[in-house]
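In the two complexes below, subunit A is the common chain; its partner is subunit B in one and subunit C in the other.
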Partner chain A sequence: MTRRQLKRWALRSGFTLLLLSIVLFSVYPFYYAILTSFKSSSELFNVSYLISRLDFSNYGAVLSQDSFLQSFSNSVLVSTLTVVISLLFGLTAAYALGRVDFRGRGSVLLIVLAVSMFPQVAVLSGLFEVIRGLNLYNNPFGLVFSYTIFTLPFTVWVLTTFMRQLPKELEEAAIVDGATPLVVLFKVFVPLMWPAMATTGLLAFIAAWNEFLFALTFTLTDDQRTVPVAIAMISGGSAYELPWGIIMAASVLVTIPLVVLVLIFQRRIVSGLTAGAVKG
Partner chain B sequence: MASVTLKKINKVFGHTHILHDIDLSIHDGEFVVFVGPSGCGKSTLLRLIAGLEEISSGDLDIGGQLVNELTPKERGVGMVFQSYALYPHLSVYDNIAFGLKLAKESGETVTARVENTARILHLEPLLHRKPKELSGGQRQRVAIGRAMAREPRILLFDEPLSNLDASLRVKMRTEIAKLHQRVKSTMVYVTHDQVEAMTLADKIVVLNAGRIEQVGSPFELYESPASLFVASFIGSPKMNLLPASLAAPDPYTSQVAVPGVGQVDVAVDSQHLDAGCTLTLGIRPEHLELEPASGGENCLEVVNVEYLGNESYVYIQHPDEDELLVARVPVPVRVRPGQLVRLLIKPELAYVFDADGRAVKRTVPAPEVSTVSHA
Partner chain C sequence: MTQSSSELTVAATAAGVPYRRGRLVRQRVRMAWMFLIPMLILLAAVAGWPLLRTIWFSFTDASLGDTSGYNLIGFENYLVYEDGVWYGLLADPEWWNAVKNTLFFTVVSVSLETVLGLIVALSLNARFPLRGLVRAAILIPWAIPTIVSAKMWGWMLHDQFGIINHMLMGLGFIDTPLAWTANPDLSMWAVIMVDVWKTTPFMALLTLAALQMLPSDCYEAARVDGIHPIQVFFKVTLPLIAPALMVAIIFRVLDALRVFDLIFVLTSNSTATMSMSVYARQQLVEFQDVGYGSAASTVLFLIIALCTLAYLYLGRKRMGADA
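Presenting the complex of A and B:
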């Protein structure tokens, strides 16, 4: 083996090692959650690294709780509505900010960006008053409202950037064809913006799905909660027992929808990243 | 189909005055070409007619109706864009049908119109393809079809051929000419290519720096350019221009002194000019005749000869000018690079422009050539 080959081999194996450690670092917690979810409570503290036995009793326990199913459907409702509303507002705002020339466009974009810089805690108490004032306390729509506030800036920015890249002549062609701005937006631009919409929609969905602080603060009763809070509220038979198996089973269950969504939209996102040139 | 009238049209972007007092009338069924160098405002003028830009001041009439405030659709215009601007997500059929569907035409009308358009433009086999599966020429035809399908009163073309390669451009040029003969609608066409303008137009509008330099048929523009700008813009290779001064004003044949060439008689009416005033002498390459010379005045050196098969271009160095003079001569060529030649200029074939670049009136009418009419 020459020195050069040796060097190449060393480099390649070093790189592989790096990749493996990154994968291990990011996937292992989830793997251990799955592992734990299949253990009965007596086995919980036996350390093992392979699934030895499929015990679905934890899943059964989670799914038999009506409040968990209720939380799950709350989460689906809140996340979906957040995505739909922020995409709708995001698209229309992006059309104005990306395609229409008006005074103060740059400052509007900067303000939109600035809004997203406030930490959640900073606006929590103010938002709480707003939500109570709107009579949305302990109501999933209160969560939709607050999540949309935090999702919109990002959505608007990404969609504006994307919409700016679409050729101006395409819009003008549609105008000559007799299209109103709404027709231009929804019949010409939106079909070309699926990749951007899939990306932003997915990120908005994940953010809404995982959100904990607002969900905890703005809801009171079990039947209005979303899953992150519901999982945190799962308690054992006594104050000294944490039912890890059930918590892990619930965590795995709420992760599955996200995995499925990412897999569905993955191709769209990838094609969106590569198909930058939307040449007429 | 409709006529278009522009009255004192101005366009100002911020502090930039793009178009100055444009007056123009376009007749029903006419093929008008706006031509000029880039930045002359020709595309802006087209976009004003289309309704994509607002008119700063002036009146725009289409079919006798003031349309300043109307949308492109209400004006009844169709437009073909330089980059085609086809809707990438729609098939050829849907691209053509887009405007018709927006106009809420009935299903049968849409189908009939799309099919009719496709037949005229030979697009029938392509109707179910997406734009990305088409070649440049096909995309251009779809863009024309989309503009035509709504049966607009005026068809506008914004440099439609500049994205095509040279051979396809010639082919599409012929197709557009044929299309105009067939559908006979009013067409306004913008190009920076004077060959396209000459070959397509019934009427050429030469624009320079936001003003109309001259309006006329290709024949008029070539034979009697109104200004130095038009003279040098129309024609390829361009007209030879030499600084000169007026030796003897005369109502019929003026004597012009051209440094390096000598006294030249030109058939122009110069009696309103003073003797000695600065002029520019213009002579088209095909009118410049050469004769071997051995010395003295009017003796210039041939620097290059380009053989093109059917004719040759002879490039001649004027002692005081950077730009070479060009003569278009029939083959076989008798002169060689390095040889000395004398320029022969016929009085009725030369042009004279005054110090402001305006053409001095010629006294011998341009030879009557039967022009091929597009009508």
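Presenting the complex of A and C:
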């Protein structure tokens, strides 16, 4: 009996240890970034494991840079517009794909799925030409345009899956009442689709906020950059002397909005990720 | 939807008004295409046309400064034989080095992520207090922008002041600090470590979703028969979640094959870690050689297209099994 209890106790503490190491491994690097961001430049080179003193000079340095604030607002603008455009185009497409049966439906879904697999670098030179042709080079709207390549496919995919699950009686009643397709979509379906729209919108926002390759290639000047590029470009007096405190403060500022979003909408994001991948 | 519309037609024929129903259906199909066209045009402008242009550019000597003036040069960007020497992408050892790096990175990091993701998912599938909190914690690496994680780890792996060297020296594993990101023997492992940290949550969540859909009766039967948990895992759990796990692995493989930001920021243009995407972008933007860079992009696209076809094939097989 005691041996059995001992075994149980060992198993349970082993499991707790495993969980603790999972949490520590996941959270510690970000915690260490926060810790570093609160160090003055002289403390930076003493390794410590706990926050001892709050020094806000790095945050002051980041926030006093106009270019960083400009990048931050560019990121907000680009990510928000990307979400709006993907949802708008995604909703109309999902209505057609989810509610109407027509020849070619399967092919359209296949095309959408194929585009989501595109390596971004494969379209880089062609897209560069298109963006320059549209006069959108070094312009946040050019980024919004290019970001639809990865946000639109999964928006269409997830919204279509969701739209197909809604009962058809809703739509039939509205059509009998003489509603046009646009009215049906925006007055009948959209109010029911908030959960799916919130999920896809969040995923699109995070993807656009984090994107780097297009942002790096299609912008040129500091005032048009988004935050990932701005952080990658922070440099010190020489290549060997990066201002790590400032980089970490900027990183924390950029990541906090996302971490808050993720913690609030945890369930939603998980369901969106699994709907996008597993049901595909 | 297939079902409901065929029901509609059947109902229409039964009611004896095929003409009116037919017109309504046709009207509805036209409406569907009207609703699809904006999305299709956008996808064509942002993906289809640029892809065709990239492939076209790969047969030219275009440069980034002026993409309008160029000559068609056939397959010279890919492979050409001149004065007894092979030139072109397919004869460039640096390209093959990038291919080798990308494949090594993909195989090692996706395998590690699958195993670790499975362990995390199995732990999260058990009932314990604060489970929601642990699940939220593992989402954090996923939410952090790749650039930020590259910078964060770059600092943690710093050769003189990094905490990783400090820890390893404190524990007595190493005597002198290691130059994780600069040493060509270590830098690929540093990249893999950061990638595993960042994407294991994705694998874990997808695996967890599959685990939660498993029927409980198999487990009850196994328990009644007194089968060892490890045997249950390999004989029951793994075969049941294998299809979902396969889809998640292919997703990650496609993602890993196009890796760019992490490597670009963590180790910049070091040849020890250069991936196919980094190579293509370097040719295209830094050396302004659109033709050659496009050739590299095209080959990368072909590799990923092959993997996508494999995915679609598997997906169709799964859907067929479901139906």
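Rule of thumb we're sticking to: the second predicted complex is superposed on the first by the 245 of 280 C-alpha atoms of A that agree within 3 Å, B and C clash if a C-alpha of one lies under 4 Å from a C-alpha of the other, contacts with A are read in each partner's own complex, and residues count from 1 in each chain.
Methods note: contacts are C-beta pairs under 8 Å (C-beta built on N, C-alpha and C of every residue); 3 or more make two chains touch, one makes a residue touch a chain.
On a predicted model such as this, the values are computed, not experimentally measured, just so you know.
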Partner chain in contact with A:V188 - subunit B first, subunit C second, else both or neither: first
First (subunit B), second (subunit C), both or neither touched by A:D223: neither
Which superposed partner A:A122 touches (first subunit B, second subunit C, both, neither): second
Partner touching more residues of subunit A, whether subunit B or subunit C: C
Which of subunit B and subunit C A:F45 touches, first, second, both or neither: second
Partner chain in contact with A:V176 - subunit B first, subunit C second, else both or neither: first
Touching partner for A:W244 - first (subunit B), second (subunit C), both, neither: second
Which superposed partner A:D66 touches (first subunit B, second subunit C, both, neither): neither
Contact residues common to both interfaces of subunit A (with subunit B and with subunit C): 278, 280
Partner subunit A, residues of subunit B touching it in the complex: 50-52, 71-73, 77-79, 81-89, 98-99, 102-103, 131, 146-147, 150
Residues of subunit C that touch subunit A when the two form their complex: 1-2, 4-6, 28-29, 31-33, 35-36, 38-40, 42-43, 45-47, 49-54, 56-57, 62, 64, 67, 119-120, 123, 126, 128, 132, 134-149, 151-153, 155-156, 158, 160-163, 166, 197, 201-202, 205-206, 209-210, 244, 247-248, 251, 254, 257-258, 260-261, 264-265, 276-277, 280-281, 284-285, 290, 293-294, 297-298, 300-301, 304-305, 307-308, 311-312, 315
Contacting residues of subunit A [partner subunit C, same complex]: 15, 18-19, 22-23, 25-27, 29-30, 32-33, 36, 44-45, 47, 49, 89-90, 92-93, 95-102, 108, 110-115, 117-130, 132, 145-146, 148-149, 152-153, 156, 164, 168, 181, 185, 206, 209-210, 212-213, 217, 227-229, 231-232, 244, 247-248, 251, 254-255, 258-259, 261-263, 266, 269-270, 273-274, 277-278, 280
Complex contact set, residues of subunit A against subunit B: 167, 169-170, 172-179, 183, 187-188, 191-192, 278-280
